[in-house]
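Okay, so chain A shows up in both of these, paired with chain B first and chain C after.
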Partner chain A sequence: MGSDTGDDAYSDIHLRALNCEVNPLTRSDGSAMLTQGETAVIASVYGPVEVKTQNLQIENATLDVCYRPKTGLPTITDRSRENVIKRICETAILTALHPRTSIVVVIQELENRSGLEACAVNAVCLALLNGGIAMKFTVAGVHSILKENDEIVLDPDSKESINALAHFTFVFDSLQRNVVAVNTQGKFNMAQYNDALTICRAASGKIFEFYREIISKRPV
Partner chain B sequence: MSAVLVPGEAVSEIEEVAKTKKVVLGPGLRRTNDSVLACKAGVLCKKAPNMFWIDSYQRRYVPVRGECVLGVVTQKAGDIFRVDIGAHEQACLSYLAFEGATKKNRPDIQLGDLLYARLVVASRDLEPELVCVNSHGKKEKLGVLNDGFVFNCSINLVRKILNKNCPLLQALQREMPFEVAVGMNGRIWIKAKTMRETIAVGNAILATEFVSNDDIRKLCENIGNILFT
Partner chain C sequence: MGPVTQNSDLICIPGQRLCLSDENTIAGQGTYERQGYIYSTLAGTVHIRQQDNSKFIEVKCFGSPTIVPIAGDVVTARITQVNQRFAKCSITCIGDHILNRTYRGLLRKEDVRATEKDKVEMYKCFRPGDIILARVLPQTELSCYQLSTAENELGVVVALANESGPYGVPMVPISWTEMQCPDTLVKEPRKVAKIVPESALITRVE
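Here is the complex of A and B:
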């Protein structure tokens, strides 16, 4: 990755504080608790494990993603998040290495103070890294909003995002920083979208740098 | 220590070596076209002159041919046993794969027995297969393990204590007599004279998970005092 990931390159990018606890769950194969500002998510990974016959794929591992909301049963929004994360994982994981198996990802929402989807994606990625699952690349989710004064705010807290005109959540890969997934909400024009994309892409480098930091701290 | 790698990263060090001679890529590395990419997160390790792999943290076992594992018999199906080795699939074990076993003289294996066995088939497309004999038909260290105590740990810990440079088991055996069987699937079986000693050995092994070899050597100097106070 090299020179563009030095500290100076990010001096004008302000993400909320990232904190990660590695393997908080003792019985899962890999887990991570990630907090971005006050948004917190626990993700855990089991796998490769035995697969149900109905989900069996001859060529690939089956991904089973389960999103648990803070309270109550999963709603339609939660199921849609679950599906988005499943698709993201499918592109990132080398599923062909473990045919006829299943990789189970469980995400537990702890606190939603805006940017939940991005935080969940990052937590899942850290859990996959901790679980020793073979991946093509890592992914980083970044959230931003469009404010009434036509300003793009990167990774806002819940107070800032109340009066937002639009929400953008981008997920980037670590290779070429290509967009893996986008989720937008609200009204905006193409120029504003491109602005948000540029800002979020720049910020994704900071998250990839954070992954590396977590891995190098982990004693092997 | 070498560099930390994240999945998707190209490893230029290997590409340099590959220009002049053949290289062997171990776990966590893969080749796409002309570049070598990491697919697991961890530390790049090298064995001179041309072997490379990534040492990554892992708890789930993925069967590898030739490794010794600890498994529990879960099913007797005709002429094979099904053995749980902690992988994604149960391994099979023929009743003829024991020392001195014939069609008339079946080995005495019960459901729930703990076995120390070697994997002879471990491919991602095939069911893993175990044997309890070596290529000369002798059982050596393999077979049913009676009594004792089993616990799980990470696969890194197993690799660490089986490493020749790790002084832990040698230091422990100076303190007390005990038997140990370490499965590459992250299961360890211990049998000592008393329950107290068994627990002491188990705790000593688990405590070394995140300790470097030098520190283990220091701890081992007065391991007897630590374990029994």
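Here is the complex of A and C:
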């Protein structure tokens, strides 16, 4: 049962410490609290549940994603994150298995110390795994930055992110490590983008291994 | 990739390649086929089910499986509202699987009995609070699942007498169309289900 993509190009990959608490919420179908370094997110999945008539799709399940910031009301940035995560989930989930139903994903930001989008995607994926939602593949979000000396730093903390020229967040699938979603900020050239992509793709393997580790610890 | 054995305790996650797909190795529940390989769709354990000369690769999910009513399923439902044309109900079980959340169901007047459909009086067949067995019909209504009790084995299985209140004794069926309270001996009309005892379904091998 080895990796489908062969050996990773980068053996010396340093991600911040990953910790996950499975099913911290008792009333949801599946939930996960994930911390990547000091960035923390809690995600919960409800469903398939009954869908409102106006949102009903005859051939697929309707996906509702709700992103809640740490404090205050959701901003435009939060709505954008919500939309990105929704489209990632729609790509991964086999919605055709549960037509005329709704799958609700709620994401609560607990702490943002850089790499929040990647942490949120990973938390949602773990919540979906725990909720028993059928998926075509799992997804892994990886964050990296471009520093002034053209150095790509993988999964930086908030201190390292301050003077970054560009931020890259990649989401990969577990089948062939194809890119599912990309979010970039700042100035960079194509070579720098490709370097970041290569490093992040290699790092995604560690996250997929982490998923497997979490699932194998679950009582059958 | 090692071969998956019969009593495999292999734990897999969605998108994990399980084995090659051929005419004898078929993707079962919790898996899908892509480019000649079988992949998992659930986080759980891999099981192999032998049937004739074929091997069905299945993934059993941890915890309770996700289940929704499909056409042909026999469901257990509680009647919530009755009017002249239909009865509304909430589906609580699908087969022997108890649901975490209920689904809305609709039982039309035409689907209550197989015969004399035009003579059906809904209030003489069902009352709010009754527990019924019904079959899910192919959906034409968008908002809820359409149900039918047009079989002998389908209909009211548990009902309380009107006078007894919510803590009364369940009534006993005395005919296809009547149930009687064992305490007060009051008879009430219902579309009664023919309950087949479980022991009758077990075929003993001599």
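We take it that the second predicted complex is superposed on the first by the 210 of 220 C-alpha atoms of A that agree within 3 Å, B and C clash if a C-alpha of one lies under 4 Å from a C-alpha of the other, contacts with A are read in each partner's own complex, and residues count from 1 in each chain.
The criterion applied here is as follows: a contact is a pair of C-beta atoms (placed from the backbone, for glycine too) under 8 Å apart; a residue touches a chain by one contact, two chains touch by 3 or more.
Just so you know, these numbers come straight off a predicted model, no measurement behind them.
Placing chain B and chain C on a common chain A by superposition gives a clash between them. Looking at the shared chain after the overlay, A:Gly115 reaches neither chain B nor chain C.
By the touch criterion stated above, A:Ile215 is placed in contact with chain B and with chain C alike.
In the superposed model, A:Gly205 lies in contact with neither chain B nor chain C.
Using the contact criterion defined above for the overlaid structures, shared-chain residue A:Gly141 touches neither chain B nor chain C, since it reaches no partner. By the touch criterion defined above, A:Pro156 lies against neither chain B nor chain C after alignment on the C-alpha atoms of chain A.
In the superposition on chain A, no contact is made by A:Gly37 with either chain B or chain C. Counting contacts by the rule stated earlier, residues 1, 29, 47-50, 94, 98, 100-101, 129-138, 173-175, 208, 211-212, 215-216, 218-220 of chain A appear in both its interface with chain B and its interface with chain C.
Across the complex, chain A meets chain B through its residues 1, 28-30, 46-51, 94, 97-102, 129-138, 173-175, 208, 211-212, 215-216, 218-220.
Here chain A touches chain C in the complex through residues 1-2, 4, 29, 47-50, 53, 56, 58, 92, 94, 98, 100-101, 129-138, 173-175, 208, 211-212, 215-216, 218-220, going by the rule given at the top.
Partner chain A is touched in their complex by these residues of chain C: 1-2, 10-17, 30, 32, 34, 39, 41-45, 61-66, 68, 100-101, 103-104, 139, 142-143. Here chain B touches chain A in the complex through residues 4, 6-9, 28, 30, 37, 39-43, 55-60, 62, 88-89, 124-125, 156, 210, going by the rule given at the top.
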